[in-house]
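These notes concern the structure reproduced below.
To keep things simple, chains are lettered A, B, C and D as they appear, and every chain counts its residues starting from 1.
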Amino acid sequence: MKTEQTEKLYFASDYMEGTLPAILQRLTETNLVHSAGYGADEFSASARQKIREACCAPEADVFFLIGGTQANATVIDAMLRPYQGVIAAATGHISVHEVGAVEAGGHKVIPLPQESGKLSAEAIRSCAGTYWKDETREHMVMPGLVYLSQPTEYGTLYSLEELRAISAVCREYSMGLYVDGARLAYALACPENDVTLPDLAALCDTFYIGGTKCGALFGEAVVFPKHDTVPHFFSIVKQHGALLAKGRIAGIQFDTLFTDNLYEQAGKTAIAAADRIRAALKEKGYRLTIDTPTNQIFIALDPEQLQKLSERVEMGFWENRPDGTTVMRIATSWATSKEDTDRLIAAL
Amino acid sequence: MKTEQTEKLYFASDYMEGTLPAILQRLTETNLVHSAGYGADEFSASARQKIREACCAPEADVFFLIGGTQANATVIDAMLRPYQGVIAAATGHISVHEVGAVEAGGHKVIPLPQESGKLSAEAIRSCAGTYWKDETREHMVMPGLVYLSQPTEYGTLYSLEELRAISAVCREYSMGLYVDGARLAYALACPENDVTLPDLAALCDTFYIGGTKCGALFGEAVVFPKHDTVPHFFSIVKQHGALLAKGRIAGIQFDTLFTDNLYEQAGKTAIAAADRIRAALKEKGYRLTIDTPTNQIFIALDPEQLQKLSERVEMGFWENRPDGTTVMRIATSWATSKEDTDRLIAAL
Amino acid sequence: MKTEQTEKLYFASDYMEGTLPAILQRLTETNLVHSAGYGADEFSASARQKIREACCAPEADVFFLIGGTQANATVIDAMLRPYQGVIAAATGHISVHEVGAVEAGGHKVIPLPQESGKLSAEAIRSCAGTYWKDETREHMVMPGLVYLSQPTEYGTLYSLEELRAISAVCREYSMGLYVDGARLAYALACPENDVTLPDLAALCDTFYIGGTKCGALFGEAVVFPKHDTVPHFFSIVKQHGALLAKGRIAGIQFDTLFTDNLYEQAGKTAIAAADRIRAALKEKGYRLTIDTPTNQIFIALDPEQLQKLSERVEMGFWENRPDGTTVMRIATSWATSKEDTDRLIAAL
Amino acid sequence: MKTEQTEKLYFASDYMEGTLPAILQRLTETNLVHSAGYGADEFSASARQKIREACCAPEADVFFLIGGTQANATVIDAMLRPYQGVIAAATGHISVHEVGAVEAGGHKVIPLPQESGKLSAEAIRSCAGTYWKDETREHMVMPGLVYLSQPTEYGTLYSLEELRAISAVCREYSMGLYVDGARLAYALACPENDVTLPDLAALCDTFYIGGTKCGALFGEAVVFPKHDTVPHFFSIVKQHGALLAKGRIAGIQFDTLFTDNLYEQAGKTAIAAADRIRAALKEKGYRLTIDTPTNQIFIALDPEQLQKLSERVEMGFWENRPDGTTVMRIATSWATSKEDTDRLIAAL
């Protein structure tokens, strides 16, 4: 007989379940309504308008793509000229975990050292400055865009001050600024966070609001705060295989996410659980390897701890460390229940 | 007051509604089940197995991609070496309606003349033969793959005999054979069709079973009947931005489509409606421009007919003809109701 | 003993010998002069200036690339945005004989029917017009550039009137116009030709003046009549592997070609020989398959003629015709001697 | 009046003059000989045979390309599958000075830390090992090839032992090994060097013998020791715009370089001069920043030294250092005269 105590607890990632119930309900209600294809439907139009309002960016162009790698490859390709590359943290998603999709599009990812997953304005300035001061720069890849993730792959956050400084460097060196918001809901829901959607719209040339990891079935909303930043972006999306025939499916999801503040609410569920788990971990003497305020928590476990905890909890493997410990990731999400959080804390 | 008579009838395309109710139901039932990401979940495994069985291809590799252009670009790129191109009908989807996605991947689409959207084995043999006989062929693009659609963009079907002949030419010239099955359910459901899934598996190197236009929310199942036809295809899919984090969403859909024969049933609904409409059109003297047995019907309308019918029925624009008529497409789908079909016939 | 009569006569192509003696002499004289690399040398500067003057284009940017396929791929890639393609004759060099180099750069070659190797303004207008009138054009490749060759691959010439008409269509549809002048010297030297270098500069967005087939060891001078037509073109050239470290080697050649009218003189040698051969062929009843005024002559030979003439003369194979004849190309060049021309005529 | 003392001495690079006199002479002698195009000529055949013999690689395929960036981009593209990248020193030419030509071909350059421009077998093993041990490696770029330069961009040399160790790691992890020999003559001519052409042929999958920087007008000989390592490489070369119509021009140069040991002799001229300069620099107390045995010497100059020496000697700028010194490069070449070397030493 299976007892509650022996059931596995799932904290490996934030894309292990389906979708927010409100989204399923809306898909069901609208299922047989007829609509135009390729994003020309009324649901997508409504979602775009709500996102514009949430961003205080009335002129913004908004496109619904399907996944993060696809959004990154499509946007970066569209924003760069052939001789340009994109600056990213050496630990950035495009640097490591997209099978070179940016390079497959013809562009170098220029990796910079990071701290807790974050780039500093100074590191970016130094990279761009070095390029522009170099007399042989015409033989080199020109930095044309800066890629950040908010939160980062390590769950950390850029502060508004940091983002402003980076944005200023970008403008100084005529580089675009692009923010990957795959987990943006978990940033927006953090008390520590002071970067709002309107801030992103004011400081970036483009960014995406992640759906896949924040409660949608799939989907990422790419926002260009200035109209026509990339002429013919629709065709570029289509060429990248990123255009949904039934664009409404993405539109309905984002329309729901941006109704009654659902997107941020989904984030808050995850952050509340993560905060409780973080407090319990600290109390019980676990070693957190990085100070993150969002839905990802990284702990270094010695072999015994690892074995014991793994029996009960599915966590994400992060890395083996020279000191013999293993870093594991505990991720909460919109789907994390109070009960599972209680059980996890009890199991620590 | 809006009366039934004046309500618009929607026959413009086969991707204007959501999805088959059974799919929505299954997504709802499984919504909070935990599963692994990127297609490693149990739903996707089950769907793969059912597809292997339906294709009598026990060794087949099956991947779930999101859309047709994406599937075409990814598969074609994976099947070709840099100096090779893909033969396609001049009217093929990859030739015309994908913003050059195949070329963006570095490969020439070699367009051949077609008849009713179909390529002949002879035209393919002539193209390949001309290349291999040319002494300067090392300066030319080598035909490395043949692309067909079943049904074609014009709604027509290859017969088993035709497909066998094309497959034989491909083997003779060491070219792969790839079939785009975006609307495959509407072929499989046709009484006139004699090409089964096992036939496709036996005669093609790869093909895809279309979901998006055949009742899924989205999704295409790419089948390689021989295991490891393309080593590391998973990574190629990821690089193309075609990998779903929540792979289960596609897996659940195809698992449902291949349960209780739902995929072919979805096709039959459309074909039954199309057959009734075709009969009515012929009876009322409309001019069908092409003889199609599937869910797409093409009629040439004079300006007066066009205006009258368009008021009541949303059709798809196809082309203007020199004789002053306009060719419009009437498409039925899995979602076409008997009532709407009745109304359309009454409106003719 | 080898006698004069049995020596082979070489008329297969125009790149079978080394270079104009004046070029070898100049390379020898300057051999040990020190100069800057990558085209920043004084020879290249002088060559650029002479080309600007010859083109009456004082602001022109001039770059020296190495070969024709490379020049085409680099220029076309630089002139197009990702969603755009290039219109070319179905018989154009980029359409047939460059192993898909344009597609490898991500762009579709949109092939149009031709007559004697030439595109008409009407065919171009129709293609561009069809695109812009199509409501689904955002799913299609946008025609962004027109590619012509002067002379064409069939040795024919565009008249000034024809070129003006094509240039006007390009401006009307916001497409660039690019002329491949691989054999331009043989056009400029023709009495029938009325398109001058200043005409090309006035009517095109970019064109190249061919060296390889017109008496240089190698090299093509890419001309952009308007300064900064393509920002950072130097870097694009480098990225395409088309930048010579010893740029001077190309610079010296073009500086020599544009001194004392050598370029056009080189063409005149070829045309004078070709005109004599054409007259002799006609007099002796040979069938010319196309009416060309330049250095390429195409004749249809029956098997007996073919065997007899091939014993004495190396010609270029062009195609087998359904009527059993073989079309062969006789090409003269800057290196064709009066004596060899006499011998060829005697051998006819 | 210009006196000897005030004449500039040119030591900035090794591609500032034309070519070895023997090459010019051979080009002149053969200038009007007829030959086939695209490398099918007798001169290229002879050069290929001599290179096979020099490499003790009787089955080797040899192709003559035009420049280094082009050779790198073409070879790397041909050796990799789409999901693979190339490991290189962070200071490697492909990492820094080719405007991202490798990325433009779709592949990531995986940069590794270096010492004096060199990669260690251990660093390569660690990179490949990390990839293969990573459970998420299917989301990452697979290391498929290792790129080295011999000599490196810093003028240093791999020893035979080091190269053997690297070759062993490559075989262990199924990666190709490619050596960029842009300045190979200057390695082969070094007494310190113990890596011969047969060693390269035995240990590498492919390498190129540099002509441009070693006394040719231009040209690099790409060697694949095993026949048909890359099927259809000719077409790949053509597609990359790297195929010379007058292939003989490269063939004649390499045929001359590999006659009477001219290639290594050209190197020896440079090394003899460099050795004298190195000795003088050390004697006079200059600070050499790196210990190089080849034709490139790097010295750190304080501002006063820099100004004084720059007035007389054209050197290559390398970098500014935090301590206020400037690193300059002195490069000798096949063209460096004893007289200029004397003058340079006198000016130190």
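Following the convention adopted for this analysis, a residue touches a chain if its C-beta (ideal position, glycine included) is under 8 Å from a C-beta of that chain, and two chains touch if they have at least 3 such contacts.
These figures come from a predicted structure and were not determined experimentally.
Novice: Using the contact definition given at the top, which chains are in touch with both subunit C and subunit D?
Specialist: Per touch definition, common to subunit C and subunit D: A, B.
Novice: Among the chain pairs C-D, A-D or A-C, which one reproduces the interface of B-D, with more than half of its contact pairs identical by residue number?
Specialist: Match found for B-D within C-D, A-D or A-C: A-C.
Novice: Are the two sides of the subunit A and subunit B contact the same residues or different ones, given that same means over half of the numbers occur on both copies?
Specialist: Same: most residue numbers at the subunit A-subunit B interface appear in both copies.
Novice: Mind checking the centre-to-centre distance between subunit B and subunit C? Centres are C-alpha means, answer in whole Å.
Specialist: 43
Novice: Just give me the whole-number Å value for how far the CA centre of subunit A lies from that of subunit B.
Specialist: 33
Novice: In whole angstrom, how far does the Cα centroid of subunit A sit from the Cα centroid of subunit C?
Specialist: Distance between chain centres, rounded to whole Å: 51 Å.
Novice: Out of subunit C, which residues touch more than one other chain, so two or more?
Specialist: 82-83, 98-100, 104, 106, 138-139, 235-236, 238-239
Novice: Could you please specify the touching residues of subunit D with respect to subunit A in the complex?
Specialist: Against subunit A, the touching part of subunit D is residues 82-83, 85, 96-100, 103-109, 111, 135-136, 138-141, 317.
Novice: So in the complex, which bits of subunit A are touching subunit C?
Specialist: 77-78, 81-83, 106, 138-139, 142, 231-232, 234-236, 238-239
Novice: Touching subunit D in the complex: which residues of subunit C?
Specialist: 8, 10, 13, 15-19, 21, 24, 27-28, 30-37, 66-74, 98-101, 104, 212-213, 217-218, 235-236, 238-246, 248-249, 314, 335
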